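Before any comments, here is the structure.
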Amino acid sequence: MTAPVLSVRNLEVEFATRRATLRAIDGVSFDIAKGEVLGVVGESGAGKSVTGLAVIGLIDPPGRITGGEILLSGTRIDHLPPEEIRRIRGKRIGMIFQDPLTSLNPLYRVGEQIIETIRTHTNLSESAARKRAIDLLAEVGIPAPEKRIDGYPHEFSGGMRQRVVIALALCAEPELIIADEPTTALDVSVQAQIIALIKRLGRDHGTAVMLVTHDMGVIAETCDRVAVMYSGRIAEIGPVQEVVQNPLHPYAKGLMGAIPTLAGEEKRLVQIPGSMPRLSAIPKGCAFNPRCAFAFAQCHVERPEPIPQGTQAVACHLFEAAKEPAA
Amino acid sequence: MSDAVASNADKQSKLPTHAARSWFSRALDSDVFYSFRRSKLTMVAAAITLLFFLLAIFASWLAVQNPFDPAQLQLINSRISPLWTADGQSPFLLGTDEQGRDVFSAILYGMRISLAVGVAGVIFAGVLGIGLGLIAGYFGGAVDSVIMRIADVQLTFPAILIALLVNGVAKSVLGNRLDATSMLVVLVISIGLSFWVGYARTVRGSVMVEKNKDYVAAAQLIGLPAPKIMLRHVLPNAMGPILVIATINLALAIITEATLSFLGVGLPDTMPSLGTLIRIGNNYLFAGEWWIVAFPGIALAGLILSINLLGDWLRDALNPKLR
Amino acid sequence: MLAFTLRRAVQAIGVMFAVGIIAFSMFRFAGDPVNQIVSLDTPAAEREAVRKSLGLDDPVPVQFIRYFGDAAQFKFGVSYQFRQPVSALLMERLPATLELAICATVFAMVCGILMGVYSALRRDTLLAKLFQAVSLIGISLPTFLIGILLIYLFAVTLGWLPSFGRGEVVKLGWWTTGLLTVSGLKALIMPAITLGLFQMTLIMRLVRAEMLEVLRTDYIRFARARGLTTRAIHFGHALKNTLVPVITVAGLQFGSVIAFSIITETVFQWPGMGLLFVQAVQNVDIPIMAAYLLMVSLIFVTINLVVDILYTVVDPRLRSTVGRAT
Amino acid sequence: MSVRRSLFAATTIAILACASLPASAQTLRYANQGDLKSLDPYSLNESTTHAHLGHVYQGLTARDKDLKIIPALAESWETPEPTRWRFHLRKGVKFHNGDPFTADDVLFSADRVRNKNSNMQTRLAPDVKVVKVDDYTVDFILPSPNPILHNAWDVWYIMDKKWAEANNAVEPTPVSATSPSYAALHENGTGPFTIESHQPGVKTVFKANPNYWGKVDGNLKEIIFTPIASDATRVAALLSGEVDVIEPVPIQDIARVDASPNAQVLKGPELRTIFIGFDMVRDELLYSNIKGKNPFKDVRVREAFYKAIDVELIKTRVMRGLSTPSALMIAPELFALSKDFTRPKFDPDGAKKLLTEAGYPDGFEVTMDCPNDRYVNDAAICQAVVGMLARIGVKINLLAQPKAQYFAKVLKQGGYQTSFFMLGWTPSTMDSHNVMNDIMGCRDNPKSSRGEANLGGYCNKEFDALTDKVLVETDTAKRNQMIKQAYEIANKDWAYIPLHQQALAWGVSKKVNLPQRADNLVMFHWATKKD
């Protein structure tokens, strides 16, 4: 069996502020296999984006990786010198950011930015790179790419710009694409197209995709597996069908309850009372305990570690004892 | 001179304005104080600025003579070198100038004038700029574009030229009745007219942001005057950037006053500000009477440097993005 | 684009008109021009004759219209002190001021941008701190004091550089230049540095602030995520985006540089328009003062216009739209 | 392309090579505070301009190094009758363009200098008839005797009639003209130098005239004149050897210049008298807290002011020893009997007592007008005076202004708007009559030009009668006695407070030998420069 494209083991990321050192990611582990789409879901501040940035080595001071390892196709990349991780970025890992409107340098033509990226990572000549850029634009669904390649970003619509961004991420045929909330800033009508595009490209190129989002609907539609994050930890991880249909973690349950169904049945949305704690005030034990309807004494004392439950894994004391599975 | 300030102001105005928290509580927020305590240089600068202000305020108690009172100047005591030099004489710590004016006393009184002109000029500019900014932002349309076009044009005219113009106009209007007091007013107005743009742009930006918010409409619905409501919300938000502009402008205003004095359109020589002292003292540099220019020069540079340092720190401290 | 340019041009004319009114009224009523023309012992009757011959006894609006009509044709009358047409005097002095202002601006831009970029990219190094210190001193010392100190150090004490004037100049048509002779270049160094220091400081601080801001933008983050080299990110992407507002400000600052040359030219006896203006103020030479004001305003307004148009050229976002919001 | 570029390079090198030639030994570089504005010798009555143009143009008379009147374009003159002066012109003199100098040129110049556009009309009264006797003899016929007719003629420069007519420069440039007259930009004199190039306010280059009619004492082949208004820059230029002569040296920098290895200061008394005056005309002062009366009409107040001012202290402290305290309104060099006068002693107590007697035991307030860029340390002197008067209880509000504003306010055309002022005066005729008539004569007759510069309005008919007698008296000894008598009257009236004659201070390179003249005209045809 080959190594997974991405393997994250016990990742810890800390931010040193002047008052205290905040742990944004605390012991996160997951794998993504070739061609697999892993959804990472959670509320704002749960550590989804930081995880993505940590993988691609873009955690800026005062943040830093303080523990664990990140392996790309079996090779550790979390301790590489800056120049070597730079070579990996864009070439082996592509990244797509949330806001296509601000991800492109407004002063450069779209083509210039794509060609620049291609030539950074390959030995292609200017003209060959340009040809490849046109192909890429065509592939991400930009009409008349040979014309649009000389356009400036402001001449593209939001959806088109996000396609350009995806083309940029795909430039060097990376093994892994990290898409950090790629559709949040887009119109609803465009969101589905972009998600479909990412999914298609992942499949066509055999690229692994880490899709960070807070939109369960997107997860359900797109991903093979899903990781639910809460306060810097993975609460539950498993195949998307399982997690959606049968969430184990009380938090995941709450989240799944929040998916509106297309069928339009009047199923009441389950609201989770309260909000996620600030990093500076994570409670002892299980971070979810103040909001958890099932919390018991142990939850206030001991931090739960992920426990395999079939194809899923869940970090909850309820399952340690495996006493009364929730209804 | 004013351009960079304005562009700073532009940047400031681009900052996300937090919800209508009072500026005061935000300024006293421990973040700001933390960054203050962290920077030794800022603390030194603040101490020096405070010291200069205190020296200026208590000048009449600290000075050995009132350098503005000709009866207290003894020509026989002219051009005495500082106390620690061979020819020094008590009580003239920093020596005396051509008129027998004690340099230390003259610096204290001169600083009082420089600071008074600077502070008053900045306040005048602030009131003018904030007022015009509110008007431009609130009414929008033609009023806005007229005011902002004036601001654009104003920006290209350096303060010194505006000040010369105002001075020229005042001279022709007031003519021979232009005495020291009215000259002070003229200086304040010249400086005020040169520096209002920064405030206007900042405030206008804030108003534009606030204008479309729901609470304004809501306030209007329940019959509250929108301008008043907005004022209450806009000013606290804009206060941080305004404070930064004011600090930097204070330094610029003091330099402008000194430069006007150099060009001979400042206060009369019998009431010298720091700038006038330097202009006069500069004539004695080649003669070896260095103390007449050196100490006022050091005082002026130290004052402006400290204020600029404070302004820099304030800008960084109030701008979370720069941290 | 055309409509935008046209609107700006109309606004520029409006500005010039306003400045014209200020110039005319200010200088018409400041001091009595007749006193400057005749000697002290000239009888009153002759003074009246001079007053009449100058048209100073006409109603003020008539004088204003006449003045404006002449000014539009670059006729500013005859200098009271030099008995020469003001336009000729200004034209003679223009090259000196422009050369000084351009050199000062180039110095300010080159040094300011280099220092600004360095102190933005290497924020915590000793050199960056030194640059910050230099910039603070540059802002905190009055120009005239810097000029005098430079003269004292480099001309009097060390004797390396001339203390005044333009050195040898070469005539190229009506233009005179000091850039082609050794003495001309040497004479340029201190005035250009004195004049440019303040702008350099401004540009340095602006570049540093803009650069820091640009480095935090999404497209820079994305450029890093694309694996571009640090060099390409800093000097390809960040610098170009930094320079757009910097160039605008520097362009607008060119007007200030010309006006600030009043002080520098006085200290270094640089034979430019600023010196002519100061001498005119001292001698109440009204035609020169009024013409200077109009001329400088014209330069300002033109630069403003050019910068506005240039802005749309540099920044593609503005090309297709009507103009930047003010 | 490359050809053009190399051509350009070659040109550049050539230009550089030419331009960097060192200044030769016989080139003198001169910087003055003031500027050479117009080359037309009649367009500006100002001493620096006269000095510059004196290298190029000449008058019928000249003044030697000691200001003695000597022949120049006139070889000799006599007064056959008191109202007729006959001038014998020098033969063989040529203008710079080669035209010969004749009586016609004198007649032309006499008309031109009295033209309405001339700034030098006082050089020759309008009722003087100028008659050509022959090509080299000219008569001046006067309506009444005038023993000092030719006293100010050293700077009445003679112009070439033919040249002026050919170049449409018969009249001096009218102020309202839209283009300058040829004569404002070009010269055609008879003097030892010609002007090679002239940029007003920037640089003027003089070259030695190889065809000069006379003998030149100096050895200069070229003079490069640059105006440098800033004191510090001017001094720096001298100290760094960039110029050979500067005028003036600010008095505080004299020691510095003298201490430098390559320059020194030529000092000497100047003929200008600096004095203080009071408004004695108005019934209520314009600028004072005393209402309803004019304290300066009281002779005791004027005496008190006089005695409250310590002119010796001003000399040592403000003027650094470079002034000559004066008891008279004229410099001792210009009046033979000056030594008969002594200045009343500084006496603050007496002054205080006088003020009390006059009814001002607590003093009063008055504004003093003072220029701040006209005379040596003018504003500083005024400040010192303010301090001294403060000690006898008089509070002075000092209004020190640039000369342009100052003169516009206090002179006749400004309506003599002053209560108390400081002024300086050099009689253009180098004679007391000018002082007595212009600054001390009654100004009560609006038709007469008497007392035009009498800002205080001092008026004593007895004094005026003496003034009129002095004008026509030809016997020097008698004339001097009359002048003395007049000055005694004025002193008894405490009409003015003469302070001092300021000093001349020229900064001169040690390579240059330059005689100094007391009227402050820097004349380089007497200068020599060695390597």
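When the chains are written out, they are named A, B, C and D in that same order, and each has its own residue count from 1.
Convention: a contact is a pair of C-beta atoms (placed from the backbone, for glycine too) under 8 Å apart; a residue touches a chain by one contact, two chains touch by 3 or more.
All figures in this text were calculated on a predicted structure; none of them were measured in a lab.
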- line: In terms of CA centroids, furthest away from chain D sits chain A
Statement: The pair out of C-D and B-C sharing more C-beta contacts is C-D
Field: Computed distance of Cα centres, chain B from chain A, in Å
entry: 51
Statement: Taking each chain's centre as the mean of its CA atoms, chain A sits from chain D at a distance in Å of 90
Field: Mean-CA-position distance for chain D and chain C (Å)
entry: 38
Field: chain B and chain C: spacing of chain centres that average the CA atoms, whole Å
entry: 23
Field: Where chain D touches two or more other chains at once, by residue number
entry: 232, 236, 239, 373, 402, 405
Message: Going by the contact rule already set, what residues in chain C reach two or more other chains?
response: 31, 148, 152, 156, 266, 278
Message: Once the touch criterion is applied, which pairs of chains come out as touching?
response: A-C, B-C, B-D, C-D
Task: Provide the residue numbers of chain C that touch chain A in the complex, in ascending order.
output: 217-219, 221-230, 232, 236-237, 240-241, 244, 314-317, 320
Message: Under the stated contact criterion, what part of chain D meets chain C in this complex?
response: 12, 15-16, 19-20, 31, 35, 37-38, 40, 43-45, 116, 119-122, 173-181, 184-185, 199-203, 226-230, 232-234, 236-237, 239-242, 373, 402-405, 407-408, 411-414, 438, 449, 452-453
Message: Applying the document's contact rule, which stretches of chain C touch chain D when the two form their complex?
response: 31-32, 34-44, 46-47, 49-50, 53-55, 75, 77-78, 80-85, 89, 92-93, 148, 151-152, 155-156, 159, 162-165, 168, 170, 180-184, 266-269, 271, 275-276, 278-279, 282-284
Statement: The residues of chain D that touch chain B in their complex are 231-232, 235-236, 239, 250, 252-253, 255-256, 310, 313-314, 317-318, 372-373, 379-380, 383-384, 386-388, 390-391, 396-400, 402, 405, 409, 417
Query: Tell me, which parts of chain B touch chain C in their complex?
result: 1, 3-4, 7-8, 11, 145, 148-149, 152-153, 155-158, 160-161, 165, 168-169, 171-173, 251, 255, 258-259, 262-263, 275, 278-279, 282, 285-286, 297, 300-301, 304-305, 308-309, 312, 321-322
